[in-house]
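Quick heads-up: structures coming right below.
Presented sequentially are two complexes of chain A, the first with chain B as partner and the second with chain C.
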Partner chain A sequence: MHAARPSPRKTLLALSLAFIASAASAQTATETELARKLDQLAAELAAVKAQLAQIQKERAAQPAAAPAVAAAPAAPAATSSAAPSQPATVLTSYGEINYNRPTRASENAQADVRRFVLGYQHRFDAKTKVVTELEVEHAVSSADDPGEVEVEQAYVEHQFTPTWAARAGLFLIPAGLLNENHEPTSFYGVERNFVETAIIPSTWREGGVQIVGAFDNGLTVQGGITTSFDLTKWDATSTEGRESPLGSIHQEMALAKARDLAVFGAVNWRGVPGLLLGGSLFTGNATHGQATTQSRVTLWDLHARWTPGRWDLSSVYSRGTISNTAALNATLVGNPTLIPKSFDGWYVQGAYKAWSHEDYALSPFVRWEQFNTARSFDDLGPGLTPEAARTERVVTVGANFQVTPQIVVKADYQRFRENKDLNRVNLGLGWSF
Partner chain B sequence: MSIQRWLGGAVSAMALGVLGACGGGGGDAASSASLPTQQTMSAQAQLGERIFSDPSLSASGRQACASCHVETSGHAPDNDLSVQLGGPLLDQQGKRSAPSINYLSFDTAFFFAPDGTPTGGFFWDGRAASLQDQAAQPLLAANEMANPSKADVVDKLSHAAYAEQFKQVFGADIFSRPDDAFDRLTLALQAYQREDTGFRGFTSKYDEFLRGNVTLSDQEMRGLALFNNPAKGNCQACHPSAKAADGSFPLFTDFSYDNLGVPRNTALMQNNDAGFYDLGLCERTDLPNRPDLCGAFKVPSLRNVAIRHVYFHNGRFKTLKDVVTFYVQRDTNPEKWYPLNPDGSVKKFDDLPVQYHANVNTAEVPYNRQPGDTPALTDAEVDDVIAFLQTLTDGFRR
Partner chain C sequence: MRLTLAASAFAVSAAAPAGAFAVDYLSIDQAAKLMFPDAETFDTRDVTLDASQLQQLDAQGVKARSAHWSVRVAKRGANTLGFVVFDEVIGKVELISYAVGIATDGSVKQIEILSYRESHGFEVRLPAWRRQFVGKGTGSAIKVGEDIANISGATLSCTHVTDGVRRIVAVVAAARRGGALA
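This part shows the complex of A and B:
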């Protein structure tokens, strides 16, 4: 048990948020930069005015109201409002093709069609649509091949009022910055960051019902009841649980045990243009009456993203806890991977659009992240209690090169403090539409 | 009430309801793997029970299945002979030790897993595809129940006290069809072994521990930890000890095969012939040309291991202390287990021809050591593991 003391990561996060807040009021830009920004704003305003005129024309033609929800989009559908009428069915897709080369163990170099995703959104009427996504991982999926095919999303959304909508089905949990917006064009670096894969198990989806409220002041609230994790799946003999505790026990609504359900809530505020602040909480029992004790899994996060001018700054902190792990671990003593009591991680990331010309844009970035997938264990007795894992620190330096807004080429170098054999150079191609 | 407030209220009510349900449900006991304690077996199984204990079905008239598979010893022999005696005069040595036949209803026919691992099958070499298949062989083996033919067995069956019952279940004319009658006999034995909870009780202290009803002692917990630790005992690599995600309780065997290089047992008369070797899996006629499987024998379940009297396919060891110590000191102190050559060197793996010594498992913990290395378990740790193994005996009473 560690005493509460100001830990370095929390101090750093507080400092980052303070920096963002203070910088917001102390802009220093040259006159030409100001003029350029004014031109950009004027152009964007003209475009928005045109879109508004279009929407008002459509609304006049159809009596039913169909406002777009300002909630985080599940998939970047190609809903271009410049078209006179929307197709009822829209195909969506994204893909990631990655190359990894460990610098100290080049025999482990690997090239992989990491993800190939096809989805569709079908609009039944102005208020109702269905959103689906099917994913193939690692190119070939069969009994003898490493790939997997999975349904990532399958939900129906209905807009009850301009503010409130509901979703039912299999949907993404609004946690962190990456989970709901996980397309390769929306994050920096070839691989998704560790905080949002090892701690928040992106791409994390649960089945259930969700209410989404999008307010005019920029606030979006989401909440719902969904399936939960399954702790009886924990495999103490494998390393899966050490790589990602929740990733090893998520059910993905595949014959999911559903005696225990979970509730979640998320709040995101986009009141100031270019600034996003938010947080989420997910909690649910996870033993479904099939273990000797009840145990609750809780995961929460705080996140911020600020995009002033050419900068793109973001930060996420997330922490998960599991209750009653002593009772669950009692029958697993001696195995290499017992159930941790807590796990957490955080990162800060800065990207800068250094060069752009028409659609092309080059954005170098740096990301500093620290995470621990077994921060603490419940006491099991002398000689039986596992040691806490060492906190891993990863620094990623690289760049995203945008070929078009929907195609990105990425390269980066990642350096690990603990597991130095994982130091690697990554190259990636991604698209999303 | 505005729709926002209604929705908000509904969500909170649902959330409270769910949380209340989750929180107030109480800790249910784990789903037990055991079947109803009081059960009626089918007619076939009841016949099987009588056949199982009937010594008249042997050439000697004194040997039934139950003679070697004694319930109080985990359905294994209750004497400490390395191999049991059979034949018409009960003086013929068997080839291999009589194993426990508990928990075999979970076994399958032999197959090669996708990664090539031999798995399943009945007998030490997996040659029988089912309990029914297995039951037939001791009845007809010359050094076991020694019946000359199936017809002979059926003839004895037709004079048994339960012959009428047999005819009622399988047909009045069944004895006029000896081959069919023999098949029904073995089918009844299979049904008995599958249905009688005495063959898969899951009533050990460890099962109660898995159900959360009892705690293990400090020594037993240490033993469990050493059993599971891949760097110490690493026993669970072949003898899994954890509940599965579907709630099924561990069987302490993965039904695979391993070659441990068990020392030759001079108590077996077949070993008086220096050129004789029991090669196990590769001797099967249906597995031709698999020299890599020579010396491999089935991984038995460790349930009830503490009440068995002999261990390994050749009954070479009689105590758990010897067995567990052999595992960790086979390679660090080979002179303790194998005879010496005339030149003083250790004749390691003396129960295998030299060309098959490479098949012996020397890669996995704990048998990945060299002479002079520290064994994976100290003497006290061996005792801890044995204390844990003793929790696997069925019939635990708190």
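This part shows the complex of A and C:
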């Protein structure tokens, strides 16, 4: 008798069942682990979702901003095209810090905060605004210091139509190229040119009203009634009237005598891009009933500027006259500075933007000017009539270096043909915004 | 730089580009119609430049100012006639509102000054000055003192509008390359 032997088929079946049982047992353990991990992942995903929602919520609460790109400029994007917003009141300023060194008299070298100007412009409504500038000259103004504090502009402007506007208050007279655009970033050279300083007073302003018309053909017309000069304050003992005849008798609306008024007009044409042609006339009595005679001051100018490509070419001619000076001078005979009958000057200037990179720009320039602050005197009789002054001729060579459109560093050399002691080197820093 | 003493609520919208402080010459709708009189519709597309596009503009020397731009696509039927972008720049102390029309070849078709607020420099709205930009594209300098003549007494206004036009030409070109205005 023999023991019963499992058949090979049964053995295979048993092994298969054992394997399956074993495999089934192992699969159950893996599924559990997977399920646990899935639960863990789901929990983590929920946490991430919550964090993302929170971040999105926070971003939605912030204004839109440009993507963070290192090279891209940061900018507000409050509007569809990130246009800048417009405040109702804007603070403006310009300043000039100059160094002058006479080449023949270095002991007279000076450093000066020539001008420091603060201003504001405030919009009352869509068509009306006020514009002001307050200037400190020579840094310190006190009884013992040379500085001055001046209101340079203070006027209200109202726009009636797109073409016509009116200004009232204290405003700059539209004469020459520089007077209405006198910020240091607007002119070449450390110092303002002599023609628009000695003949046309520098930053010359009067109080009154003016009408401004700007037409689509490029014509701009300005005209108005203002305060005038005051010949009664001519100081014959001072050289100030020799340096700038009208600069010595302008009133700047400081308790200005206003019996006599003046009228002015200016026409400028910019119909061709890059070209400006214009002229101005100012005339008014200037003795205010306080002298034995009535005397009229008249100043006119013609100016042109052409900026083809990198060139900047300009020229100004200006001439002033004072009537009936014989009667006024009769009481001043013997003094060094009598009232001239006429005075004039002109300049030509060429500048070229030789180098530029981004906002940097270097523009060398040369200017030739000649001016005479006492071209002629009324006849006072033999031995009494002063001789006309000699015409001063000045060449200025230098360069403006623009750091940004609002900041300029300047250097130049000025050579005087008559008074060579005035030859000088100038350095300057200016800004305007 | 300027100090804002009293910031006004001056949100620019497509319907009222000039906002409060302005002598308005044109609305943006009028300007768009003036530039593309044959257009039947002007579809407004909001364009967002990505980081690489902004970097490309920067490499070209164009300050994009923002990634977000609104471009009006002038259309006649299914045909695109061109693009109009409204923008504002600061002249000397106040904003100048203007619109630039770009032809389908990417060149400037027309520029219109919508509002000007400064006491001086309003000559930027003169047709003769604005005509200088016509035909200029991404290959042009579009710079004052080079291919754009300055206006005496209005240097800052000229410079800033010119810079703005150069920016818009570059932005529209970048947006079109990226397919945003297809």
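As a working rule, the second predicted complex is superposed on the first by the 348 of 433 C-alpha atoms of A that agree within 3 Å, B and C clash if a C-alpha of one lies under 4 Å from a C-alpha of the other, contacts with A are read in each partner's own complex, and residues count from 1 in each chain.
The criterion applied here is as follows: a residue touches a chain if its C-beta (ideal position, glycine included) is under 8 Å from a C-beta of that chain, and two chains touch if they have at least 3 such contacts.
All values reported here derive from a predicted model rather than from experimental measurement.
A.B. asks: In the superposed arrangement, which partner chain does A:98 touch: chain B (first), chain C (second), both, or neither?
C.D. replies: A:98: touches no partner chain.
A.B. asks: Once the shared chain is lined up, is A:426 touching chain B (first), chain C (second), both, or neither of them?
C.D. replies: Neither partner.
A.B. asks: Considering only touches as defined above, state whether A:272 meets chain B (first), chain C (second), both or neither.
C.D. replies: second
A.B. asks: Between chain B (first) and chain C (second), which does A:248 come into contact with in this model arrangement: first, second, both, or neither?
C.D. replies: neither
A.B. asks: Pick one for A:216: touches chain B only (first), chain C only (second), both, or neither.
C.D. replies: After superposition on chain A, A:216 lies in contact with chain C alone.
A.B. asks: Of the two partners chain B and chain C, indicate the one touching more residues belonging to chain A.
C.D. replies: Tallying touched residues of chain A, the top partner is C.
A.B. asks: Do chain B and chain C land on any of the same chain A residues, and which?
C.D. replies: none
A.B. asks: Under the touch definition given earlier, write down the residues of chain C that touch chain A in their complex.
C.D. replies: It is residues 1-8, 10-12, 14, 19-25, 46, 50-51, 54-55, 57-59, 61, 63-70, 85-90, 93-95, 117, 119-120, 122-123, 125-129, 131-132, 145-146, 148-153, 155-156, 159 of chain C that touch chain A.
A.B. asks: Would you mind writing out the residues of chain B in touch with chain A in their complex?
C.D. replies: 3-4, 7, 11, 14-15, 18-19, 22-23, 25-31, 114, 209-212, 215, 218, 221-222, 224-230, 232-233, 236, 242-243, 245, 247
A.B. asks: Using the touch definition up top, name the residues of chain A that touch chain C in the complex.
C.D. replies: 64, 66-69, 71-73, 75-92, 120-121, 123, 125-127, 129, 131, 157, 159, 162, 167, 177, 180-181, 186, 214, 216, 218, 220, 270-276, 305, 307-310, 312, 314, 353, 356, 358, 405-406, 433
A.B. asks: Using the touch rule from the top, collect the residues of chain A that touch chain B in their complex.
C.D. replies: 143-144, 160-161, 163-164, 211, 213, 223-225, 230, 232-233, 236-237, 260-261, 263, 284-285, 289-294, 327, 330-336, 381, 383-384
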